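As written, the chains take the letters A, B, C and D, and residue 1 is the first residue of each chain.
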Amino acid sequence: MVIVLQKGVTDEQIEEVSARLRQAGLGVHLSQGHYRTIIGAIGDEKKVREMGLEALSYVEKVLPITKPFKLVSREFQEEDSTFTVGDCTIGGRQLVVMAGPCAVESEEQLLEAAYGVKAAGAQILRGGAFKPRTSPYSFQGLEEKGLKLLARVREKTGLPVVTEVMDQHTVGLVAEYADILQVGARNMQNFYLLRELGRLDKPILLKRGMSATVEEWLMAAEYIVSGGNHKVILCERGIRTFETYTRNTLDLSAVPVLKHLTHLPVIVDPSHGTGNWRWVPAMSRAAVAAGADGVMVEVHPCPEKALCDGAQSLTVEKFAEMCRQLAAVAGVCGRMLPQVTA
Amino acid sequence: MVIVLQKGVTDEQIEEVSARLRQAGLGVHLSQGHYRTIIGAIGDEKKVREMGLEALSYVEKVLPITKPFKLVSREFQEEDSTFTVGDCTIGGRQLVVMAGPCAVESEEQLLEAAYGVKAAGAQILRGGAFKPRTSPYSFQGLEEKGLKLLARVREKTGLPVVTEVMDQHTVGLVAEYADILQVGARNMQNFYLLRELGRLDKPILLKRGMSATVEEWLMAAEYIVSGGNHKVILCERGIRTFETYTRNTLDLSAVPVLKHLTHLPVIVDPSHGTGNWRWVPAMSRAAVAAGADGVMVEVHPCPEKALCDGAQSLTVEKFAEMCRQLAAVAGVCGRMLPQVTA
Amino acid sequence: MVIVLQKGVTDEQIEEVSARLRQAGLGVHLSQGHYRTIIGAIGDEKKVREMGLEALSYVEKVLPITKPFKLVSREFQEEDSTFTVGDCTIGGRQLVVMAGPCAVESEEQLLEAAYGVKAAGAQILRGGAFKPRTSPYSFQGLEEKGLKLLARVREKTGLPVVTEVMDQHTVGLVAEYADILQVGARNMQNFYLLRELGRLDKPILLKRGMSATVEEWLMAAEYIVSGGNHKVILCERGIRTFETYTRNTLDLSAVPVLKHLTHLPVIVDPSHGTGNWRWVPAMSRAAVAAGADGVMVEVHPCPEKALCDGAQSLTVEKFAEMCRQLAAVAGVCGRMLPQVTA
Amino acid sequence: MVIVLQKGVTDEQIEEVSARLRQAGLGVHLSQGHYRTIIGAIGDEKKVREMGLEALSYVEKVLPITKPFKLVSREFQEEDSTFTVGDCTIGGRQLVVMAGPCAVESEEQLLEAAYGVKAAGAQILRGGAFKPRTSPYSFQGLEEKGLKLLARVREKTGLPVVTEVMDQHTVGLVAEYADILQVGARNMQNFYLLRELGRLDKPILLKRGMSATVEEWLMAAEYIVSGGNHKVILCERGIRTFETYTRNTLDLSAVPVLKHLTHLPVIVDPSHGTGNWRWVPAMSRAAVAAGADGVMVEVHPCPEKALCDGAQSLTVEKFAEMCRQLAAVAGVCGRMLPQVTA
């Protein structure tokens, strides 16, 4: 940490800060410039973060030097993390495509979607049983019945399933049925849920909060990893800006930034990221070209009859066409999508 | 709802949409302009919202006409809602000042803060026992022990307490001790928590999510009220923007907007809203002048030793000075702060 | 400046950076922490800003310690700047109220508005002759004819006028007629215009850009002041966020922040800041309570017939009511609005 | 337009609005729903936009149905616009790569950059002679001398040049030397400049404003096209959000959205969009995969000695490697980059 003091700070005030740092076991490095006196605190930044030095009227600002996340950082582990789910390896050379309906509605709907996306090249089936909805009057999901349908469809199609868990107390229930547990954007900082997921031994797909910085997102991942579960997949799904033509602004630059900062796999959800099926194929191709380890896409047998988010769902046909494009882009970016002929 | 169709739409397509609306029991009102054909759907907009018409390639957009919230709206209830907590009425002519430390740290700290803020004019004591922290390595609160300290300090000082609940399963526990239960910004859309709070008969202080629109915030309140608990207090605490001199951007225009849209009381938290004790008194005065029903402010006996958010905490002395200013502003805005001599 | 080097940096690389700093005449202060090596550059930060050290692959980040603005800073001049226009002093104890129509439309309209706002307590008349419009098909202002009308109405009413200048080459023309020249949000970083205004000896009202940080805004002011014209008035007019109930988000916390950072007067425009006449009185009161030196408000004799921005214009009656409220709030905040009886 | 009236509106008020619409030559279509009365205005929406109906207290909101831009829309012209500059066609099957230093510094620097980027595959040379700088104390460009250097280097290398024009009165000067005139983000709504460019017969590269919506951006293009110059190239360069790891948030979803809304070519500038050379190759590939017609990239022979924006400049070697990647991605996306072997 670097502590910047106000102009005109006295020697007593400098000593006051220095004494506090030394008490906390930190080294003190004083630097007197022409315009400002600054103090470098040498040692564990966490201690300085918690000292509340900004509360002192003669402290102008406290600048962090190191990053607050550790276990998830590239500095801690240089090589990419990879996790295996069924036959599929996430984070390796092979691109991962997760697809399926926003919400599980019925066995017929889910089965039709699952067969369709599998034939098109998806390796993992997505589908929501618990649905976080902005309105209390909207369809809230089939809950446990939905989980059972997911399991049944996995048996028939062989596709592992990813589904959302909304609450620490249903983690056990969802983990019984799901191969990957998804944390939604609204729950990215539900710390009780994150801690509970830290005790599991299943991959967690952690969506970025709607206005979360990359650093906060990695800190949320750190919660899970520091709890003992290192299998975290980060999923970019758009952030909130002033633009209204798209539901959110898909932040694809987060992909190379994350690849630099962390060893965890990164996937992209262009369906929620844009909110409109029209832009999904282009943004999926872009995600792969930016270096994402995979995409997660909403596909519905009949989008205009979907109980949830039909406007952003692809038909099976459009999804198949998109997978062919992804395979081609993957091929020239050092990745592959083996089930699909470009 | 108004459904705007793409240029060049066919009669069959117009009929397809109309038939669907009629099937759902809605009236259909066709309007053919020079540039676009639009269909007005007459009846319950909720039904149209769930039809997913945007998934049709010939539908350009679907425009809502009415607001999605009901029970919390001014149209549903014209007069202001007021709730009584101890001797204090929230939402009436009297301004409500809630103050206290970010986190409960010890009995001494809490008691000193409580006596201090009471003497200065606060009517309600705030203090966190469960702390949502960005980092898994930060102090996470005293939890149940903290709740007990709050109750003990309430007994000694007579101040009702407001404290955060982070999870549906601790609602019962927190409700045992707290007079007002606070939902933090990160939990504004924790729908399980909201539903659980809908079953309580205690006021809920619902903070705005960090990037929540006013509409989403009111929908979160609607979750609680539609569950049976109509005692919701809205708390503006800053939204996320590109500005970095303040931690968040306190959106005071939300105050008159909410007063127009809803009958629920609105208070403002300038401590989290700005992240810096220097700006708290000015923004508290502004909040009252904008028509807020009260403020919630962080006060610590010794901010630079706070375990949490010291940078945004006022000392007791600065808080007392601020209360005198608030009483004066309240006086000229048709409100009052009776315990304080301006 | 503090230069943070990547983990694993070599001695040669440290020396390479140090040598460059020394070459530029800066002192070098090396600090080797447990996790990072940092270099403090002692002397003029401007030189470091221009060295492009972030381009070196082993430089992680470059952190500024001092602020980039000088002449406009409180450190450069401690006491508040005040400028006199007619009988009115801007930046002193007396609150300044600027009011009038968005656009000058005709002599009748302007005169009616001017007499109305003067009677209500306004000291300065606003009105646009050159109008920056999003659409090429919208009314673009009366241009020079509008300036002449402003001058004529000033003669009749005695009110000094503030009006927008959109271009460096019309600065001379506008300065012939206007008492204060306004720079609109879209031109805040029109550096040619700013430089030209730096050569004038008339006050400049500099609106904040729609997504400008406080620092960029002060740098824009620095352009004018460093050119020789120290009479700059800052005008907050809302920033862009995701919220849609208001046209912009009025950032009132910018008021105390600016009062801390700069000696320049600060006024607030709640008409553009909210885009809706309904929220203007509340936000004007809040601006004064937050410490603003004045407000600038759109008033039209008949808002629903305005050629521009009628939706955010107050009628003369509503404006008069608002001025009475402002006088009351000013009175308890150590300011005054002498023409108005609260 | 659809005009939504407040609940409880009277027949007189409905008639008042209707009469106004009829007076303006618009058709009136009344629709009385259960919750709201709405009026459809049939005819030119521009007229309704300018009526200021929102100023009426009984008007709740006015919803646009059609888009405000015309000449630049796909509805006006279905096929893609293409413009030829030298041997290069912009907007066609061939991908356009514009590259060069942020600022023209000297003939040696520019020549070295130009030969480097040409060899790597760039077809157009970029370089700033007039530099908009946040600080008045920063290097402001070589101005006319810089334009002459650009022309000399064009002669030697055969590369057409794109350079920024900052002001309506230098349009003639810049047009003498440049093949494409660039409008910077800060000038996107400098309407005088746009109108002047509308009189030229040279392509204009119009950068998106830092917080401009897609609609405002297209309206800025409409200014140029409605003035008579239909050769406008749109350039996405990042928008402002809360994220701080990148300088801006590159909004790649704007690419497919624009391709849907307009016939104009769209290129992407990942150098300004991210502010860091590390993320430029990934985001360039993503831009091409998203369907952009080209990219514009900063390349400097020695980035760490650049007078401007060194942190975001690629070396010639890294740029060459990037061009090979782009050629490969282009190849699988139905585009090509003929000078480069993937």
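We adopt the following convention: a residue touches a chain if its C-beta (ideal position, glycine included) is under 8 Å from a C-beta of that chain, and two chains touch if they have at least 3 such contacts.
Remember, it's a predicted structure, so these values are computed and weren't measured experimentally.
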Any chain in contact with subunit B as well as subunit C: A, D
Greatest Cα-centre separation from subunit C belongs to chain A
So the centre of each chain is just the mean of its C-alpha atoms; given that, what is the distance between subunit A and subunit C in Å? 39
Compute the distance, rounded to whole Å, between the mean C-alpha positions of subunit C and subunit D. 26
Enumerate the residues of subunit C that touch no fewer than two other chains. 211, 240-242, 244
Please give the residue numbers of subunit B that touch subunit C in the complex, ascending. 211, 213-215, 239, 241-246, 249-257, 260-261, 273-274, 278-279, 282-283, 285-291, 325, 328-329, 331-333, 342
Footprint of subunit A on subunit B - complex, ascending: 46, 49-56, 68, 132-140, 166-169, 186-187, 189-192, 195, 210-211, 216, 219, 222-223, 226-227, 240, 276-277, 300, 303-307, 309-311, 313
Touching residues of subunit B toward subunit D in the complex: what are they? 2, 4, 7, 27, 29, 31, 33-36, 38, 40, 42-45, 63, 65-66, 75, 240-242, 244
